[in-house]
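Take a look at the structures below.
Shared chain: subunit A. Partners: subunit B in the first complex, subunit C in the second.
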Partner chain A sequence: MSVTPTKLKKRASGELVGAELHTRLDLADLLDAESAWTPWRFRMIKQLHQAGIPRANWPQHWHWNWVHKLLSKGTLDIGGALSPLRLMGVKCEDEWQGLVLATCLGHQSRIAKGGMDLLYLKYLESAPWNLVVNEIGQAPRYSGVGRQLMELGVRLSEALDFRGRIGLHALPQADGFYVRCGMTDLGDDPRYEGLRYFEMTEEQARAFLNPGRTNR
Partner chain B sequence: MSKHINQVELRFPDNREALIREAVKHDESCVSVGGLAESLGMLETPPVQVAAPAIGAKAFAKLVEFWRRQKQLSVEELAARTGLSEAEVLEAEEGDAVPEPRVLHALSTVLKVSYEKLLHLTGHVTDRDQSIESAAVRFAARSESMERLNRQEEQALHEFIRALAD
Partner chain C sequence: MMSAKRTMTLNLTGAEMDALEELSKRKELSKTAVIRQALRLYQAVDVRLAAGEKLFFEDEVEKKKAEVMVL
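Entry: the complex of A and B
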């Protein structure tokens, strides 16, 4: 099965509502998500602009046109049997609430001895309506998306026999989230325009999948 | 033989209630990562200058060397304990270049000092911690390399490690 039931918290009512973890998606799903997310981002940019918020304080990635770039670079094979990229996501009320795109090529652990293989998260994004944006008074529609996307990553890493090891470069405004996920902050990476590199070790992955339990 | 990323199935436990509770505990702001953006040439953040303050790099080099001598370890033995190469340990002790975060992480584990503070000390993190900076100056200003640590060096090492503890 590629769909597993889960729950998200509806921020307005505080209730848990049914959602789905999807572990096998393709380019069409990414296009579906972006076609819903992009207009929302533009509306928020307009509000930030009208509120006089300096551009430097806007979420860094909102003006990126992912799909256009992906298409122009020819990166069309997402999720195919031989594709090196796997796309997964969280769906609720028939809308994509977040997506994660992972690869296991070209990245090795910077912590584990001997440069062990790990799962590298190339893209992880929550729908723009799920973010707290205090500057324009936006409360999130749902809570719990980001951490469940990370769970998909950890479980894919386990399925690949990487024991939960994950690496990623966080956008500056997301550093705190990855620290809360228990990952190790390995500092600014000059090869990635100074983005901070985070890694989850086997032990951290065990702790992540067993919240509330003492690790080891 | 390695498994293919699109040919494995994910396994979930029957009961994920604790994970869901943890997931919805906090509202989220940005959670995005930048690996794909980098490979598509979309990043526009100016490169972060990893300008190691000379004094911090020197203090770190002395810290490693003094600690190793105090424990009466050879470079080879310290390399084995940290999983680093001998060349990396030697470079860390020379203090001419900024050690990579990976090297700092490996040494912080063995020396039992805060990795975060080592990032500050060596300039990887820009909002410098004044208390670490002054401790580094005091430490780097003392002592010469000798076969054994003298009493003052022992004391300086002890104080510096305390300043870098979690």
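Entry: the complex of A and C
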């Protein structure tokens, strides 16, 4: 497992604290994350329910269970050297602050011609305490986790020789985030529960990794 | 991001090399990256077949599903 130091900003104090980017997690890491995230998710939903907030305004991924999702795909092999699935994450103060599950097989660019491969991000999620949930007064503990997860994806895509190309389907509440990452919105995908499909091209990946620099 | 690497020599027929070069060119991948992808795919398929599962291709538009015959 490769670990790279990074920083996350504590939202309350603005303080930058040390964090780690992990590029190959296994099932034990996933179970660690789920066992911390699941109770928080349900406390959050209970508060939203008690406050009379309609379900349409709840975080759309509140019911996600990563282990169940993996089992439904028929595999829990996320840590193997040859596994096409790669789980990566951001850890800070001994807790997982965000996870991203990617696959390098079976997905081709819908923008680049010639069936070019890309890294497909199956799931990307920040820890539930990092969500903004105004209805119950929850401010995120750390900011910038989503962007760091995206960076893990782009860098893995580069390491695979995919030149930073990434594809994903987004929940509607996350559409804005992926637009801010510079991805192309290719619209609703009827083959994928009507979710919007976003893709990051090679050029967009370069711009994402080097914000402020002009493309060649 | 990658583990320590080892080097090997690969003997391919002309047709196999042509296929490798065509894939490498079309997908803008190095030949090594093509081989790595092929190996991942082979291993992933092999594990599922060994577990008694079948491999299918599905055309969602045409609503067609065909089992891939794996030798």
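The rule we apply is simple: the second predicted complex is superposed on the first by the 207 of 216 C-alpha atoms of A that agree within 3 Å, B and C clash if a C-alpha of one lies under 4 Å from a C-alpha of the other, contacts with A are read in each partner's own complex, and residues count from 1 in each chain.
What we mean here is this: a residue touches a chain if its C-beta (ideal position, glycine included) is under 8 Å from a C-beta of that chain, and two chains touch if they have at least 3 such contacts.
Predicted model only: the values in this text are computed from it and were never measured.
A.B. asks: With both complexes overlaid on chain A, does A:116 touch subunit B (first), subunit C (second), both or neither?
C.D. replies: The second partner, subunit C, only.
A.B. asks: On subunit A, which partner touches more residues: subunit B or subunit C?
C.D. replies: B
A.B. asks: Does the superposition put A:163 against subunit B (first), subunit C (second), both, or neither?
C.D. replies: second
A.B. asks: Tell me which partner A:184 touches in the superposition: subunit B (first), subunit C (second), both or neither.
C.D. replies: So A:184 only meets subunit B here.
A.B. asks: After superposition on the shared chain, which partner residues are touched by A:96: those of subunit B (first), subunit C (second), both, or neither?
C.D. replies: neither
A.B. asks: Quick check for you: in the superposed arrangement, does A:7 touch first (subunit B), second (subunit C), both or neither?
C.D. replies: first
A.B. asks: I'd like to know which partner A:84 touches here: subunit B for first, subunit C for second, both or neither.
C.D. replies: both
A.B. asks: So in the superposed three-chain picture, is A:37 touching just subunit B, just subunit C, both, or none of them (first/second/both/neither)?
C.D. replies: neither
A.B. asks: Is A:129 touching anything from subunit B or subunit C once the two structures are fitted on A? First, second, both or neither.
C.D. replies: neither
A.B. asks: Using the superposition on chain A described above, determine whether A:149 touches subunit B (first), subunit C (second), both, or neither.
C.D. replies: first
A.B. asks: Residue by residue on subunit A, keep only those touching subunit B in one complex and subunit C in the other, then list them.
C.D. replies: On subunit A, the overlap between the subunit B and subunit C contacts is residues 2, 23, 81-84, 104, 114, 117, 155-156, 159-161.
A.B. asks: Would you tell me which residues of subunit A are touching subunit C in their complex?
C.D. replies: 2, 23, 74, 77, 81-84, 104-105, 114-117, 155-156, 159-163, 191
A.B. asks: Which positions of subunit A touch subunit B when the two form their complex?
C.D. replies: 2, 4, 6-9, 11, 16, 21, 23-24, 59-61, 64, 66, 69-70, 73, 75, 79-86, 98, 101-104, 110-111, 113-114, 117, 120-126, 130-133, 139-140, 143-149, 151-152, 155-156, 158-161, 168-174, 176-177, 180, 184-188, 190, 192-195, 197, 209-212
A.B. asks: Please name which positions on subunit B make contact with subunit A in the complex.
C.D. replies: 2-12, 16, 18-48, 50, 83, 101-102, 104-106, 115-116, 119, 124-125
A.B. asks: Using the touch definition from the top, list the residues of subunit C that touch subunit A in their complex.
C.D. replies: Subunit C residues touching subunit A: 1-3, 26-30, 33, 36-37, 39-41, 43-44, 47-48, 53, 60.
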